[in-house]
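Order as written gives the chain letters A, B, C and D; numbering starts at 1 within each chain.
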Amino acid sequence: MSTPLVSVRDLKIGATTDSGRHVEIIKGVSFDIAPGEIVALIGESGSGKTTIALSLMGHTRTGCRIEGGEIRLGANTVTAMSEGQRAEIRGTEVSYVPQSAAAAFNPSQRIMDQVIEITAIHKLMPRDAAEKKAVELFRALALPHADTIGSRYPHQVSGGQLQRLSAAMALIGDPKLVIFDEPTTALDVTTQIEVLRAFRSVMEKGGMAGVYVSHDLAVVAQIADRIIVLKGGEIQEEGATQQILDAPAHPYTRELLAAFEPVLHKPLEFDDADHQPPILEVRNLSAGYGPIRNGEPGAKILKDINFALERGRNLGVIGESGSGKSTLARAVAGILPPYRGEVLVDGFQQEASLAQRSKEQLRHAQIVFQLADTALNPAQSIETILGRPLTFYHGMKGKAREARVIELLDMVRLPANLRHRLPSELSGGQKQRINLARALAAEPQLILCDEITSALDTVVAAAIIDLLKELQRELRLSYMFISHDLSTVEAICDDVLVMYKGEVVERLPAAKMSTDATHPYSQLLVSSVPKLDTGWLSGLEQDPALLERFGNR
Amino acid sequence: MTKTPTNWTHRDDAMVEHMIRRGASRRDLLKMLMASGVGVAAGGSLLMRATTAVAATPVSGGSLRAAGWSSSTADTLDPAKASLSTDYVRCCSVYNRLTFLDEHGEVQMELADDIATDDAQTWQITLKSGVTFHDGKTLTADDVVYSLKRHLDPAVGSKVNSIAKQMTEISKVDDKTVKIVLAAANADLPTILALHHFMIVADGTTDFTKANGTGAFVMETFEPGVKSVGVKNTNYWKPEGPYLDSFEFFAISDNNARVNALMSGDIQLAASINPRSMRLLKGNSNVATSVTTSGNYTNLNMRLDLNPGDKAGFVEGMKYLINREAIQKSVFRGLAEIANDQPVSSANRYHNPNLKPREFDPEKAKALFDKAGLLGTEIPIVASDAATASVDMATIVQQSGDQIGMKFKVDRVPSDGYWSNYWLKAPVHFGNINPRPTPDILFSLLYASDAPWNESQYKSPKFDKMLVEARGALDDAKRKEIYWEMQEMVANEAGTAIPVYISNVDALSSKVGGLKPNPLGGMMGYAFAEYVWLNA
Amino acid sequence: MTDKALSFRLPTPRNLGYSFNWVGRIGLLVILFWAVVAIIGPEIAPYPPGEIVNWDYFTPMSHDYLLGTDYLGRDVLSRILMGARYTVGIALVSVFLACAGGVILGMVAAVVGGWFDMILSRLLDAFNGIPSLLFGLVTVAAVGSSIPVLVLTLAAIYLPGSYRFARALSVNVNTMDFVTVARARGERTPYLILREIFPNILGPVLADLGLRFVFIVLVLSGLSFLGLGVQPPNADWGALVRENIEGLSLGAPAILFPSVAIASLTISVNMFIDNLPTKIRDRS
Amino acid sequence: MLRSLTTWMLVGQRLAIALLTLVIVSFAVFFATELLPGDVAQILLGQAATPEAVAGLRKAMGLDEPAILRFLGWLAGLLHGDLGTSYVNHMAVAQLIGDRLVNSLKLAGITTLVSVPVSLVLGISAAMWRGSILDRVVTVLTISVISVPEFMVATLAVLIFAVWLGWLPALSYAADTSSFTAILKAYAMPVITLTFVVSAQMIRMTRAAVIETINTPYVEMALLKGARRSRMVLRHALPNALGPIANAIALSLSYLVGGVIIVETIFNYPGVAKLMVDAVSTRDLPLIQSCAMIFCVSYLSLITLADLIAILSNPRLRR
């Protein structure tokens, strides 16, 4: 075994809270990376995987400090270097591919200037040589119009393209080590495949070593040679990819793998379900944004949507970003009044805009948003957040209200003492449970879930799905579940609507989705979901005509 | 005053001595010392050092920059409309009057060669010959008639319309003589014609954006509210023409800025500076001050026809309550003369010296207020910065009132529109009167029953009769006797309390020579431009 | 009884659950000092504020006049103690009125939006166009001058500025999902403003309030100079500085101490607001 | 860059709003002036304002027709560029305002050239080294500078530089403006005083805006590309903070035209602010309206300019 490119010995990273208490985030981690080897760091959010990856570049986020241990990268001992020296190696020895490329690109600078910035900072080569090299990288990363894309601004290109551009940005300085920080979590399934393929081919050609940080085992399986499983800042298990997939030793690893087994959904039978009107019915619904001119908004998003959702059953809505699935949820809730068509809840016609709907009508349908960070008021305590709907709809006050809040917390499997905390003190999963509890406080009949699990880790997402099912059984709820992740939809929904560019292209029972989807776009979606075997990506053939028509290159 | 202030400090002695070195007339000084109660023995030594005044020979050439204290877009070159010091300075430099008053208040001839009358009612004025306007036209009687008659036309909006009204007939006898007939005999006509508003303009002039006068300077630039520049009039009819080549006049309203501009050499003359700034100037060798006691005063008016003025004893009580010494010393730093509640100041020949000012007696005042039933009631006093130092004076009255249980509320109102909204109207308010050359003008303007500016609504038929009698009297001794008695009547009966006559202090660079005090006001009666010169 | 007192721990910020750095503490101390002076000031003043105690003016600090005398020979210390009540009182009330009015209108404009927002913004922009001198004069002429009028005038002059600032903040918060959820629940504008938006813009609004307080303290003397508000012999600190300006060239204490008083008050207010006590949440 | 329709429409809308505001201000100023007691005739005659003299003068000046008609007449005149004639000295208002406006703009211009760079440098460096000694010094300095009354700063400046040291002339306008250095010396003190007054707010806002953009992911990305602190702030943080900074600068500079009455009086600098004070004290309606219009136009144009800068600096809005 030649000397390892990177060796981390007993790394300790700590932080002091505002109350002066010292907290240890990374508790003594040691591992090596051989030249040209790709190592994956797997674990839930809060497990310290990103912190370790960043520490390889000598960078710690505000409040944290490297407190012990040693990091060696090639000939440099990063932990012993000054900030100036560390700046020297960033981009030339080691470079970083950010999690959300859309946020990591400076909105007011052209893409080319940012991609070749490393060569400018470290004066590696003159500008025109750098630009030529960048265009070659763009071609290698299968980016469309490789030689003109550089002159555009970040907001003028899609999320997937930006992610590949960030890879080009990282590789321009020919680093020895490239750090991928969950680059595909924010992408749609189809785009994710193109990005993974591009990364793998470029890494193989360049012979560089890599650190791939992720919480998605299936994605990591396609690209990493070795996997390190992390939890609470400590390594749980380490081993070759195939060995971890086939024979996980540590119970936590097994739990991660279990979250991937598709859980088939058994529709619930309610005795009096048939003679009641559908909980939600939508007839030729059309909606859009922008000023209304002669009856039609500037940007028309939804075109003539029709469907019905029986009481007690769950309807999944699946589609990629830009398919209009979130707009559908907002149109049904009345947040974005549709300019044509009707929405009926439990048989009653709903007014277009929520301002005209009665309190009772509004109570029946509650909406839960994806990003818990912006969905919970940071300045209010959990008790106020959950208490408000109780007072608003049911006029509950004082002791009764507090008791009901504790009940709600228990319903979503959260400890009662959590009610005094602020949203910022909770984890992603806990925040999403509070989101749900707030919806339940209104005792609705229908809950519109707008991608509530896509921002969560697989394990936490799975727990939320189980919770939804239990609540459905106890409270006879029905869900309209919007997501871009097929496996989640299959785990909870009875029927599925497939949406593409504002139209419903297909409706079929969720169970039959992966087997006999008829519409080509549905088939493309099904085939793009990564499987838990290392050979899946290389063995995947997708009809190029389909890719051309539907994949947003 | 619980504790009568004792320390008339050494600083103020030095200031008085400083004043002497600058040529304050001997008579002013004596009065100043008498009024402020400083023993004669102590005063003696001060006088000795005064005599070494520097011999002064005029030098011609150079350009002088002077700053007044207020100017606005309402500045004008029309003598009839002149209302501020800036207007007077400009008019004096560009126009001439028939007569003018010298430093001792005596009437001297200017454009007029001779003014004759036998009954003080019809007057014969003969003009000097060889006098030309700036545009070359020679001065004739038509110009004089036009200049005097325009004051009667309301469209002109003349400030001396009420005085000019007494000239019932103004006619041209021949090219060199003008006849003026008055409504009633008035021996002071020559002095009246020395007022700035009676400058002589060319016949038929209506556009006053430019100035065409006979004066010592030609107005080169005139920007209202900004500055005016006068250039030497080469063919000036007076034998001894102006010494300066040119002069520039503008206003710096902030007193401190004006003093600093002088000390840094940007300007050579700073008009009417605040007495408190004297201490700054003393330390600076190349700066001097010129003090003139010209009879300007700020007075407390109590309308006799309104509450509380109409209560018997209130006015007299207030006259006892005013601490004249405190006003003289702390408000004006000694640069004022204690007055005896009547308008004719010591600078005037007819001043009545044996009318003693009321001494400060809070107990007597308290008894009077008690009798008037006003003890403890809140009495508002209206004051504003428009009337010089009125706010400080009001505060002093308020303090004295506190000692004896009188509640005075000082209402400080904006100087904007003060003269039209509060002056003459509020029951108790402050006014400010500019110096007038003759008692006749003062009494007819301020205290006659039909006077336009009767501040306290003082109505006394006996007073009116004496006023007319004095006006016509040619025998000076008789006139003086009547004016003395009228002064006593005003002091005892009128509702106007005049605590001090304010001395006007001009500061100038020591390079400036020839500036002499003048009863018509500061800056040598605003006519400095013609008479001063710049030493090397 | 005594042991209970012994065990009584000083209510330091730490054990009250707040972290409060020393800069903020100094600021708070100075503010409290001036607040106490504002309340008891006139009573402990050695001389009545208006009384002329000395013929000489701008005298240096001496035994019986601790901070010397002013331009009329009055005791500077008593006038500063008297002035505290006016400066601290009037400025605080006006700044709260201006900011309360501005923030509420700003939030309503951001939430209601549409024509209401457009018209209100244009009106207040127009109001900013009128010079404050003209506005002061008109107020004195129309309503006469008294302390309440002075407070309302100051509040009116500074309301448009705080409106513009609060509206910009509220517009950002208004786009957040938690406001949309509250709207979807059927909440009306008052609830949205008070409970959802206001807590999130409180920080920056307080910082703006600190800055506006400084401007108000200075403009206060300008308006009194116009005759609007504090009548002689009383005066706020700004008026003390303005009337003793001649003392500047003599380095007289009569002008230095009021300026020091103003500076200490305005700096401490801003130091306190920039370092407000924050609840210890024990999170890194 | 501005070729797309939406940006032009945006600019057009802005101008329409500005015009509407101008009209509102004009009417507001008119009613305010009507509320003031006394009129031109009374003020001009001052102490000599006897009833018949006032009536005579008022008729002569044509002031007896109702005020609202005179105002509408003035407004109509404004449409074709005639600012009317001043009641007080019968000179054309345009001529009266003319050179004084040039003076005001010259002073405002020079002050802007001095204060904006100074504020930006201090604001950005305070943000760059946040929490350091420099940051604390700048923060305390800005607060203490703005808490010193303006007239004291001006008087102090004159005392130190003109009287004691004698380097600079006390009066800026009256000084000779022959050589360039003379002009510099003449403008030095008013510009220093105004910079003191104006830059405090700009520094605070710049610092806050830059701090906000420093905490963004793309700035951290620059750090991870090996960029040093200065490059990180100047090339990445600052361009995105231009919007709020431009706004703060616009608000501070709008003060420079209308609010500098104190500096104009102390340095005897004939600008538009002093002209407005004269106009109000003499109830000279056409002059008041014209000055109010100038203040409003400058205020609105600065704000609109700031908005445009905010739009141009952000490619997403520029389209």
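Please note the rule applied: contacts are C-beta pairs under 8 Å (C-beta built on N, C-alpha and C of every residue); 3 or more make two chains touch, one makes a residue touch a chain.
For each chain, UniProt lists the protein as follows: A = ATP-binding cassette domain-containing protein; B = ABC transporter substrate-binding protein; C = ABC transporter permease subunit.
From a predicted model like this one, the values you see are computed outputs, not experimental measurements.
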* Structure fact -> Dominant interface by pair count is B-D
* **Mean-CA-position distance for subunit D and subunit C (Å)** => 24
* Structure fact -> Between the Cα centroids of subunit B and subunit C the separation in whole angstrom comes to 45
* Asked: Whole-Å distance, subunit A centre to subunit B centre, using C-alpha means?
  -> 88
* Structure fact -> Whole-Å distance, C-alpha centre of subunit B to that of subunit D, is 40
* Structure fact -> Residue numbers in subunit B touching two or more further chains are 256, 260, 416-417
* Got the subunit D residues that touch at least 2 other chains? -> 36-37, 151, 155, 159, 163, 280
* To do: Could you please write down every pair of chains that are in touch?
  => A-C, A-D, B-C, B-D, C-D
* subunit C residues touching subunit D - in the complex, by the definition given at the top -> 118, 122-123, 125-135, 137-138, 141-142, 161, 211, 214-215, 217-218, 221, 238, 241-242, 245, 248-249, 255, 259, 262-263, 265-267, 270-271, 274
* To do: Mind listing the subunit A positions that touch subunit C in their complex?
  => 15-19, 21, 23, 25, 63-64, 333-335, 354, 357, 359, 362, 366-367, 369, 371, 374-380, 384, 388-389, 392, 422, 424-425, 438, 442
* Structure fact -> Touching subunit D in the complex, subunit B uses residues 65, 67, 72-76, 81, 83, 154-162, 209, 223-227, 248, 250-254, 256-257, 260-261, 263-267, 416-417, 419-421, 423, 452-453
* Along subunit A, where are the residues that touch subunit D in the complex? -> 54, 57, 59, 84, 87-92, 95-96, 98, 100, 103-109, 117-118, 121-122, 153, 155, 169
* Of subunit D, residues touching subunit B in the complex -> 36-38, 41-50, 52-53, 55-57, 59-60, 86, 88-91, 96, 99-100, 151, 155, 158-159, 162-163, 166, 169-171, 174-175, 265-268, 270, 274-275, 278-282, 284, 287
